[in-house]
Amino acid sequence: MQEAMINKAKQLLADGTVNRVMGWKRGEFVYDITPAVFETAEEIDADFVCDDFTAANVSKYLVKESRKEGKILAFLKPCDTYSFNQLVKEHRIVRENVYVVGIPGGPKLDAEKIKAKGITGILCVKNENGTLKIDTLYGEETMPYYEAILGKCETCKSRKHVVYDELIGEEGEVITAEDSGRFDMVEKLENMTAQERYDFWREQLSKCIRCNACRNVCPACTCENCVFDNPASGISNKAAADSFEENMFHIIRAFHVAGRCTDCGECSRVCPQNIPLHLLNRKFIKDINAFYGEYQAGEDTTSRAPLNNYDKDDCEPSIVHERGVE
Amino acid sequence: MSDKLKEQILRSSGSNVLKCMRCGKCSATCPSYDEMEYHPHQFVYMVEKGDIEKLMSSDSLYKCLTCFACVDRCPRGVEPAKVVEAVRLAAVRRQGNNHLVPTDIPGMLDDDLPQQAIVTAFRKYTK
Amino acid sequence: MQVNENTNFEPVIVAFCCNWCSYAGADLSGTNRLNYPTNVKIIRVPCSCRVNPMFILRAFQRGADGVILCGCHPGDCHYTSGNYFTRRRITLLYSMLDFLGIERDRTRLEWVSAAEGAKFAATMQEFTDAVRKLGPNRRLEDLRCRKQ
Amino acid sequence: MQRIGVFVCHCGTNIAATVDVKAVAEALGHEPGVVISREYQYMCSESGQNLVKDAIREHNLTGVVICSCSPRMHENTFRKAAAAAGLNPYLVEIANIREQCSWIHKDIASATEKAVILGKAAVAKVHLNAPLIAGESPVVKRALVIGGGIAGIQTALDIAEAGFDVDIVEKQPTIGGKMAQIDKTFPTLDCAACILTPKMVEASQNEKIHIYSFSEVTDVKGFVGNFTVTIKRKARYVDETKCTGCGLCTEKCPMKKVPNEFNMGLDNRTAIYIPFAQAVPKVATIDPNYCMMMKTGKCGVCSKVCSVGAIDYKQEDKFIEEKYGAIVVATGFNPINLDKYDEFAYNQCADVVTSLELERLMNAAGPNGGTLLRPSDKTHPHTIVFVQCVGSRCDDEKGKPYCSKICCMYTAKHAMLIREKYPDTEVYVFYIDVRTPGKNFDEFYRRAVEQYNVHYIKGMVGKVTPKSDGKIDVQASDLIANEQLHINADMVVLAAAIEPDKTARPLATMLTTQMDTNDFFTEAHPKLRPVESATAGIFLSGACQGPKDIPETVAQGSAAAAKAIGLLCKNSITCNPCVAHSNELMCNGCSACEKVCPYGAITYQDKEFRMPDRTTAIRRVASVNPAVCQGCGACTVACPSGAMDLNGFSNSQIMAEVDAICK
Amino acid sequence: MLRIPVAKSDELFAAIASQQTLYLPADRKDGQAEYRKWEEGVKLSSRLNTVRSAKDFFFPQTENLAEFRMEGKKIEVIDIRKESEDFVIFGVRACDARSFTILDKVYLVDPVDTFYQTRREHGTVVTMACTRPAETCFCQTFGIDPTEPEGDVSCWSDGSYYYFRANTDKGQKFLDSLSSLLEDGDTAALEETKAKTKEILSKLPLAKVSTENFGGDKLNEYFRSEKWGELSESCLGCGTCTFVCPTCQCYDIRDFDTGHGIQRFRCWDSCMYSDFTKMAHGNPRLTQLERFRQRFMHKLVYFPANNNGEFGCVGCGRCLSKCPISMNIVKVMKALEEK
C-alpha cells in the first residue's frame, strides 16, 4: 500500500497535477508518526510512511493548505473523507486545490494500548496472524492484535470514501450502527442512573488538563477565533479552574460541533488523559439520529445540518424526561 | 356551621358553583323537575348562598335520578347532579349510623311488606 | 433523586422569555394578578432562539438552581421559525445535560403564548416547586460563585 | 466611567403597594456606575418624564434604568424622553417591576427584594448598552386587504380614498362576506343588501382597488413596509376578463342539484354559478366537484352557450407575487358547527335552524322568496322558539368561552320582523341575559317586548324533541316562574356562537402575528392599539379580532385603514436598530447563520483581510442587511465562533443580566 | 543501607500518612498512572511515569493569588494564603526530581515566588530509581542518572526491598520518623539491579541524543534556522506538551468575577497558544512557527543562557508519547543539528 501511494505521489508531482503531498512522516519509533507536507520525490522516498500507526486525520491541515498556491495531493482514509467533505461544505477547504486520493482505512494501532499492557521499551511491532509481536528492550512481548486497535477504529462507521479524485485499493461499505457498535457505550451510559452518569463523567472530566488537544485536532473546530480563547465571549478560560469549567468546556465544544461532527474520533485519540470525549459527540449524533432522522455529517456537501434545520413536528425537549433512567 | 357544610359539599362534589351563569339549562333538561321542590339550578344557587339546610330537609334530594343530563348539558361545566349528590351525602352522613329508628317502624308496616324485610332492614341500618 | 430536607431553601430560577409571546404571557399573568413565586426572575430576549446554551450554563454557574426557557408555541413564532430551531437546540442541550447526570428537572422548555397568563403562572409555580424539591444545584455549580 | 440614572415608578399604588419603592431606589443607588436614583409617583406622566430628562441633562447620564411597568407598555415612552434630552434612546432599559413583580407578589419584603434584583439586572445590562442608530427602509405604497367582507371592503375603500393602491384577496367567488347573506340590519331594520351592494360596486369600480376574488394568500415574506405576498388565484374555469356575468350558462347548466352555500344549503344551485345577483365580480365560477364536463368529460353546455368564450375547463391555479407596504387582515367569522349539541336536535330536524339560516329563509332572494316557511314542509310556522347562547359563554370543553355579542340584537330583530310580518305567530325567546350595550340597542329590544309582544323568558332550553306530527317539543325552564315549560313549536332558531374563520390560523402563522386561544387575532394593545397586530405593518379589521356587529366592524375597518394609510404615507420607515451584526474578523464563513435566517438577511462576501500573522488572506465572511434583519437572534446561536451578535441583546448584555439575577 | 521489605509497603505508607499527607503514583483504570493521595488500598504504581508530572505539587495548574471585594467605592484586597501542610511525594522519578531544580531556578530567585516557595518548604520529595526505562527516555542527555535519583530522600527497589538514603536534612528527618520500620541491610542485590538498568540505559534508542550542539551561545545559529517552518507545520498549537512537561513554568494571571468579589488566580499557560504573552499592543509571536520556536529555543538555548548552561528539559519523554502529532524536542534537536 505504502509503495503504491509513494508511486502515485511521485507521479502526480512529476506530471504537475500537484505541487505538494499531504501525508505522514516517520519518526524516532514505530509509532510516533507526524503529518507532513512533502514537496519532492526525495523527501517522499526518505520519510513518507503509511502503516498501522498513521492514524492522524490530515483533513484539517487542508483548511490552510488548500488556500496556498497550487494543488495539494491528500491521501485520505475513509473516515478522513467525511471530515474533508464537511469542511468543503462549510467553505473551509477550497476543494479545487486538493487532489484527493482515497486510501484504505484502518484498523490502526494505538501505542498507548500496548504501553497500557505494561509493555515498555517498544522497538518494533508486527502483526502475525492476529498476534502482535513486539520487540522491546526487555525482549519480545506478545499481545492479541485486536486489543491494540485504536479506539476510533474499533467502532469504525464506514469503509467508504465519500469524496475522492482517485482511489487506491478497493472501495468499502458504510457500516451500520449495529455492526459498528459505535453507540453501545452511549447507550450503556443512558441506561445508568443520573447519579452513575454524573459520577462517570466527573471521574473522566476531572482528568482534563485543558491542553486543548481535542479542540485543536478536531476537524470541526476551525474557528478563526475559538470562543474559549476570546475574552469577549464571556466564557473564555485557559485552565479548568473548577469542575464547572471542565463541564462547560466540553458541553459547549460538543454543542458547537453537534451536527457537524463526523465522528472521526480524533478527540479521544489525542487526549493525553484518555478521556472518552467522543462519547459526548456520539451522544449528540445518536440523539440527532433518533429525533430528527439519520444524519451523517460529511456524507455530502449539500444537505442541511440538523441544527440549522427543523421540522414542524419535531419532538419536544420533554422527550428527555420521558425516556431512559433518571 | 353552614360555611363548614358548604365547604364540605363543595369539596365532595368537586364542583365550582361560582361558574354558574344562571341559565337554568340544568332545570330545563331535568326529567324529575316536576317532582322537585328545589330544582337543579336552585341547588347550585342555594349551595352557593350557603342556604343548605332547606335542601337537606327537602325531599328533592331523593328525587334526583342522577341521570347526569344536567351535567352533560350545563354549558359552564358546573355539574349540578354532583352538587345534589353531595348534599344528599351530607344528609346521609348527618343521620349517622342510625338510618332506621324503632319509632319509624310502625308507620312502615303494611300488608305487602314482609315483616322479615323490616326486621332485616332494622338490623342492617341500625348501629 | 435526592430530596432536599432543608425546607428553607429558596431556589434561584432564571426564566428566558421571548418578547412576543412568553414575556407578554408573563405580563398577562401580572395583569390578571396571578401569583407565582418570587424566585422566578425573567430575562427578556427577542426570541427563544436568541438563547445560547452558553446562557443556560452561565446561569447554573452563577448560582441558578433552575433554568426555564419560554417561547411562542411552535408555528406561532414572531420570526416564523425561531422557536423551531430553539426546540432542536434545547432538546439536544437538555439531553446532553441529562447525559452528564444533571438533574432533568432543573431545565425546562415551555411554550407560552401571549394569551396564556394563567399557564405562565402555573408553569412557574410548578417548575419552582420541582426545583425546590431537588435542592440546591450542586452538579453544575461553580464553587467559586457560591454565596458565602 | 458610566453615569447611570435609576428611576423607580410607584405607578400610584400599583407598584408602591407591594414594593417598597424607596428601598429599591436606595439599593440601586449603590450599584456601580449609578449616580442618581430617584422614585416618583408616575414616571410615565409628563412630570415623571421631565424628571428623567432633567437628570439626563444635569448628570450627563450615559444610561437610564426605569423600574416600572412592562417594557411592552412604556419602553418607547422613555426612549423618546431620553432622546428628547439628548441621550441615545437605546441607552434606556426597563426593569419590569409591575407586571412581573408587584402585581404577582403579595409579600412586600420578597417583592421588594425581587424588584431590586430586577433593577440590578437592568443596571448590569445598561452598562453594556451601546448607542444605536436606527436605519431606514422604503415603504411599498400598496396595501393588501385579506378578506372581502364589509370590514375588508370598508378598509380598502378608505385606503383607496387616501390615494393608495389596495388589493383585496377574497377566497369566495364574490366579495360581500356575511353581510351579503343578512336580510335586515339592527337596530334600524334597513335592508343589508341595500347598504352593502353599493359599497361592493364602489370597490369594484375604484381604480385604486384591485379585487382578487376566489383567491387565497399562500405565503408572506418580508416585513413592515416591504412584504412579499404570494396569492393563489384558484381556477374558476371561467376567464374573468371575458365573462360578462350574463348568467346564461347558469340557466342552461344541467347539473342543478348542488347545495347553495349562499343560502346555507337551504336550496340548490347549478354547477356553474354566480353566488347571487349582485355578486362582485359578477363572474361565473364552475364547481369542479359537480360539473359533468369536469367529472366525466361529457356536457360542455356552458361552453356552448357562452357567447364570449369565457369557459376554460383546463384553467389551473395561478400564483402571483405582489409587494405590499401594509397588510390588513379582515378574515371575519363563521357560526360554529352545532354537531355536538345533540339536545337541540339541529341535525335531526330540518325545522331547527341557525339564525343565519333564518336570515336566508326570510330574505327576498332566499329559498322561499322572502316568505317564512318551515324548511321541512314549506308550511307557515305558528310558534317559533329562539334559543340564545348556543355554544357561547361555555366552559372550554362545551363551546366558546366568550359572548358572541351580536346574537341578542339579531334575535330581537328576527323576533320583531316575524311578529311584524306574521302577527299570528307566537315568538318565544329563551335568554340568559339580554345584552344590549349599543346606541339605540336597548330601545330596540324593548320594542320587541313592548310593541311586538315577543315572549322573552329567562331560562334555557334543555331539550328539543322533534315529534312525529312534525311539531317540535321544546323543554325549557322559566326561571322567574320557577317552572319547567314544554312548548309545542313549529320552528326552533338557534343563536349559534360565532368563531373566527378557519383560514385565520394558518394565515396568522404566515403573518407571524399572534392569536388568542380562540383564534381571534391579538391586538397590539387591548385598549390603546386595538386595530394593530403586534407585528408591525399588519392591521386588524372586523370580526377576525373579536365578535363585532356591523357598525363596529365598519368603524374598525376604517380605523385599520387609517393606520395603514399612516404607514403608507411615509416614504420610509425607521428600522429596528436591534439587529444582528457579524464580526468579520471572527467569522468563518461557514454559512450556518444564513441557514437559520428566516429573512434571508445574511449574505457572504470574499474579503481581503490582514491576518494576525501579518499576511493577507481572502476570507469568506458573512454580512447582515440591517434593513432586512428583524433581530430574532437565531444566527447568533448558530454561529459557533460567536462572530454574530445582536444589538440590544448582545451575548455580554444577556450574560450580565444572568449574572446579576443569580448573584 | 536502610531498607524495608516491599511486602511491608502498606505499613510504610500508613506510617508516613499518619504524619503528613502522602502522594504517590497509582494506577488508573486506563493503564496510566497519576499521583494520588495515599489511603488504605492505594498501591504504588509500577509504571515508569505519571501522565502529569510531579511539578503539580509545587506549581499547580490553577492557584488563587488574592481576592478583591468591592463595597461602594472601596476595594478590599484579601490575602487568601493559608498555612500550608507538610506533605510527602513518594516515588518521584529522577527526571521529575531534576525538574524541581529547574523550577527553583525560576521561582526561588529574586523575586521569590512565595506561593511556590511555601510549597517547596513543606514538601518532602522521595524519589524512586528507575529499573525499566522506556524507549522515550533520554534523561541521560541532560546528565541525569536514573539509577541515582536526587530528592530529599532517594529510594531504590530491587524487587524485594526498598532502600533509602537521605540527601537533605529534611530527608534525614523523614527517615528518622520511620526508623521503627526501617532496618539496615546489605545492598548487593540492589547493585545488581542497578547494573542491569545501566545496561539497558546504554541501549536506549535515544541514548545518543546529546546537548553538545545546544546552549546559550547558539541563539543566532538556530533562531533563523529554516527548519522551523517544516518542524512547526504540523503543530496543532495545543498545550499538551507544555502541560505534561515537568519543567514548563509559564503561567497567566486572570481575574474571575465570582459575583460577590474578584478572584485573582494564575493558571498554566502555554507558549503554543495564540494568546500567549498577548499584551495591550497585541502579540509578539503571531505565527505558530514563532510560538513553536519559542518553546524549543527556550529549553535549549535561552534557559541555559541564563542558568549556567543548564537546559530546560529533563528528558522524561512525556511529550514524546503525548503529542497528538508526535512532534517533539528530540525531533527538533535532531533536525536542527542536521546541516
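Residue numbering begins at 1 within each chain, and the chains themselves are lettered A, B, C, D and E in the order written.
In this section, contacts are C-beta pairs under 8 Å (C-beta built on N, C-alpha and C of every residue); 3 or more make two chains touch, one makes a residue touch a chain.
All values derive from a computational prediction rather than experimental measurement.
Colleague: Moving only between chains that touch, what is the shortest number of steps from chain A to chain B?
Modeller: Minimal hop count between chain A and chain B: 2.
Colleague: In terms of touching chains, how many steps apart are chain B and chain E, taking the shortest path?
Modeller: 2
Colleague: What's the farthest chain from chain B if centres are computed as the mean of the Cα atoms?
Modeller: So the chain farthest away from chain B turns out to be E.
Colleague: When the contacting C-beta pairs are counted for A-D and for C-E, which pair yields the higher total?
Modeller: A-D
Colleague: Using mean Cα positions, find the chain sitting nearest the overall protein centre.
Modeller: It is chain C that sits nearest the middle.
Colleague: Per the centroid of Cα atoms for each chain, what is the distance between chain A and chain C, given in Å?
Modeller: Measuring from centre to centre gives 36 Å for this pair.
Colleague: Between chain A and chain E, what is the gap in Å from one C-alpha centre to the other?
Modeller: From the centre of chain A to the centre of chain E is 30 Å.
Colleague: Could you work out how far the Cα centre of chain B sits from that of chain D, in whole Å?
Modeller: Roughly 48 Å, centre to centre.
Colleague: Where in chain D do residues touch two or more of the other chains?
Modeller: Where chain D meets two or more other chains at a single residue, that happens at 596, 638, 651, 655, 659, 662-663.
Colleague: Indicate the residues of chain A shared as contacts by at least two other chains.
Modeller: Within chain A, the residues that touch at least two other chains are 227, 233-234, 241, 307-309.
Colleague: Could you list each pair of chains that touch one another?
Modeller: A-C, A-D, A-E, B-D, C-D, C-E, D-E
Colleague: Residue numbers of chain A touching chain D in their complex, please.
Modeller: So the residues of chain A touching chain D come out as 67, 90-92, 222-227, 230, 232-234, 256-257, 304-305, 307-309.
Colleague: Inside the complex, what are the residues of chain E that reach chain C?
Modeller: 256, 258-260, 263
Colleague: Name, in rising order, each residue of chain D that touches chain B in their complex.
Modeller: 343, 389, 393-395, 397-399, 432, 458-463, 475-479, 482, 484
Colleague: Where on chain E is chain A touching in the complex?
Modeller: 30-32, 34, 46-48, 51-52, 61-62, 132-136, 200, 203-206, 230, 233-234, 236-240, 242-244, 252, 254, 256, 265, 267-270, 273-275, 320-328, 330-331
Colleague: For the complex, which residues does chain E have touching chain D?
Modeller: The touching residues are 70, 72, 257, 259-260, 274, 283, 286-287.
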